[in-house]
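Just so it is clear, A, B, C and D label the chains in written order, and each chain counts residues from 1 on its own.
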Amino acid sequence: MKTLIAIKEQYHTWVHEAFPAMHPLLLPLCNKPFIEYLIDFAILAGSREVRLLSDGQLTEVEEHCGTGSRWGIELSYANLHPADDQQQLLDKNRKFCGGGRTMILTGYNFISYNKQKSYLDLATIATDTPIASCPGGTITLKGPPESGASEKSPLAPFSITPLDSVQSYFRISMETLQTGSSRYVLPGYGSEPDCSIGKNVIISKTAQIRKPVSIGDNVQILPKTIIGPSAIIGSNVVIDNGCSVSGSIIIDNTYIGENLEIDMRIAAGNTLIDPTSGVSLTMEDPHLLVGIKTWATTAILKRKTIHALAATILLVLQFIPFILLFPLLKLQGKWKDDPYMQETGLAGALAVAISLDRFPLLLKVITGKLDIIGSSSRSTCAGKHSYPDSGPLSRLAVFSYAEAEDWPVNGSDAAIVERFHAVHSTPIKDIGMTIKALINRLTKGR
Amino acid sequence: MAFRLDTLNGITVGIAELNGRLVAENSTILQKTCSDWQQKTPFLVFDCSNLDFIDSSGLGTIVGCLRKALEKNGDIKLAGLNAKVAMVFELTKAKKLFSIFSNAGEAAASFAASPVSSKTQ
Amino acid sequence: MKSVITLALPCDIRFTRLASQMAANTASLLASTCNADTGNWEFSHAFELAISEAFSNAVFYSTEKTASQKVTITFTLEQHRLMATIRDTNEPFSIETPEPSIENYPERGYGLMLIRTVMDTVSYIRENGENIITMSKQL
Amino acid sequence: MTITETSDGSITIVALCGTIDSSTAPELHKSPAIADTLRSVVIDLEKVDFLDSSGLGALVGTLRLKQEAKAAVLLSCMNPRVRKVFDITGTVKLFHIFDDTSAAVEYAATHNEG
């Protein structure tokens, strides 16, 4: 049997509104992207060839799922027209279906199944009417039934539920967290049931973890936090000192500031959603919620002064090399006003290694417009999801904390590193981090 | 920010109407104005029914006002929080510091019921 | 070690294919020197597409339409990264163009959208009377 | 790019082959079946190994003109590289795309009468 999974954009417009940075087909339910549940069900029903159809972009999904080789199936991608009905879907994929048995899943629905039961008999049922349906989608079997029905094992129960709002998303995620490890094929390692922890996760000794809980990759859980019961933490998340997270979902790439209490909420980036009413709150500062810390002006003044001092020292140290190399590079046309100069030639490489490309920016530190270290001030930021650059904690700077940590400067996980350090920085630590950034650039590669 | 004084059972309660957005740009104004109000009475009600949005610095300011009120043996009570504003209070545990009422009238009346607020943190 | 390849082409639409094929071949060359996985069609296709778009754009907006005008393409091969730079002497422009609205059946305006999606980084600067678009992608 | 036209009843199959970019896209409009806005066509992209935005623009233009004249444009057999261009630009919403040319021809024939 083959499976066609056809999902029209009209059924998941709410995902764009609630989680703009997330592709709807990759939206995690508990710790697994939505589309993988459908693929798992297709596999349990005996499909070795699965095709995904959408009237929207599939590039991101293709990057995630690939050719299907990791599930041992052939996964292909095609497109549908928003007005297509089921017959048109079959016509448009005639070569794929090949006149054989095909299961068609339509709509943006969650299928509840049980991985310990068998769904292989779906290939043999002789019916043309949908075998399951809900508003916005169906499961239908088309084409001649395959022979070899097994009389002994009756078809295991399954059902579909529309995933049509933040409310249903929250409910299904929580149910999956509670029953998932036995019913669904969930990723991750769990030394004990109802507790899954991803790779590269740091949990402080004084943090408490209460089951059931699911934690993604690259997560930091800082001292005196309480995670759970019923907490789903995505990947690249920092939960700062003294927080408690229960009955809640923290979406990927979110920073939770100090001493916050998150109960029955969804936190995504700088947005907090109440899953019962659907009300959402978007904070101005890009770091969700920095706690009730009032920003003392004297502390800012102290930081600015120390940063300016450090910049002055660097200016003095770099002055001679700059005077020597700048005219040379300028003459060769290799000097770019873009601070992130591309190193070409020996002189260029040397200039970048000793961070001369940032030399002009140091003056801005002395005038207080930039910090010496903070968030990357890169003008052309790659990555598909951008984070707002304003706010009291996103301090544009000559060097970035990501550089000091030797983290890839592009991408959302660098943003998390920068947020974390921005909250925990002290002027003295900043100087240390600046030196680290300088050393990293000096020793990088060449 | 409209402000009026109500006298109930011999207690003067100041009712301040906060409106629009209380964020970093304008929270210092509240800080200054609140000290003026507290010159008149230590018992204040912040009527938030027209307050659409509050961020962490706005919240910090309100908590600061409360601290001053408590120093003077007064209190600040909140009324009419919308869902978004309420969410900020819950999230930051600041909810535990305040008595919250559905409307300004109830909040003011509660001062009359127990004039000497023995609020502890 | 870094290698740099420079290609100066006449500003003429007939050379689009030459430019994009050069890009595709350079990309697969880098892919093959890095690892044995030459089946990585996405990497070479990304460069083929991006250079095709950038070159036709340069020709479309060229002021003189003469063969004496040049479009210069530079490929910088680094370890696991390929960078391409396209320079032309046309009027300055902005790469912050709005995305075309599909409902109106637009026939133009997809180019920059494609470049931005298939590349990791794209930047534009105007320098010494030249438009310089730099794009790069990690292998 | 080469263009081969074959007729199947009232529908013309236009099989394209090779590269469709800014240098070859204008040729597309020279094809009689494409230029005749009243004629429904199935454009077979199986042998197209490269398509850029100029080629895509030519196809979108063809679709617009033919739809205004109540004729259909169906696409068939695109490879993953070509599909990617449609996918990124969101133009998949405009076209009917088949993985089999004969299915597209049948579809066009049945929908032509209606």
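In the analysis below, contacts are C-beta pairs under 8 Å (C-beta built on N, C-alpha and C of every residue); 3 or more make two chains touch, one makes a residue touch a chain.
This is a predicted model, so every value here is computed, not measured.
Undergrad: Please name the chain that ends up farthest from subunit B once chain centres are defined by their CA atoms averaged.
TA: It is D whose centre lies farthest from that of subunit B.
Undergrad: Find me the chain with the mean Cα position closest to the mean of all the protein Cα atoms on display.
TA: The most central chain, going by mean C-alpha position, is A.
Undergrad: With centres defined as the mean C-alpha position, give me the subunit A-subunit D separation in Å.
TA: 37
Undergrad: List the centre-to-centre spacing of subunit C and subunit D in whole Å, with centres computed as mean CA coordinates.
TA: The separation of the two C-alpha centroids amounts to 26 Å.
Undergrad: How many angstrom between the C-alpha centroids of subunit D and subunit B?
TA: Between these chains, centre-to-centre, one finds 67 Å.
Undergrad: If a residue has to touch 2 or more other chains to count, which residues of subunit D qualify?
TA: In subunit D, residues 80, 84, 88, 90, 93 touch at least two other chains, as defined above.
Undergrad: Considering subunit A alone, which of its residues make contact with at least two other chains?
TA: Correct list: 59.
Undergrad: Given the complex with subunit D, which residues does subunit A contribute to the contact?
TA: Listed in rising order, the residues of subunit A that touch subunit D are 54-59, 77-82, 84, 88, 91-96.
Undergrad: Across the complex, what residues on subunit B touch subunit A?
TA: Listed in rising order, the residues of subunit B that touch subunit A are 23-24, 53, 55-57, 59-61, 63-64, 83-84, 87-88, 90-94.
Undergrad: Enumerate the contact residues on subunit A facing subunit B in the complex.
TA: 257, 259-263, 265, 272, 274, 277, 279-281, 283-285, 289-295, 392
Undergrad: In their shared complex, at which residues does subunit D touch subunit A?
TA: It comes out as residues 80, 83-84, 86-88, 90, 92-93, 95-100, 102-103, 106-107.
Undergrad: Hey, which residues of subunit D end up touching subunit C in the complex?
TA: Going by the criterion above, the answer is residues 19, 21-24, 50, 52-54, 56-58, 60-61, 63-64, 80-81, 84-85, 88-91, 93-94.
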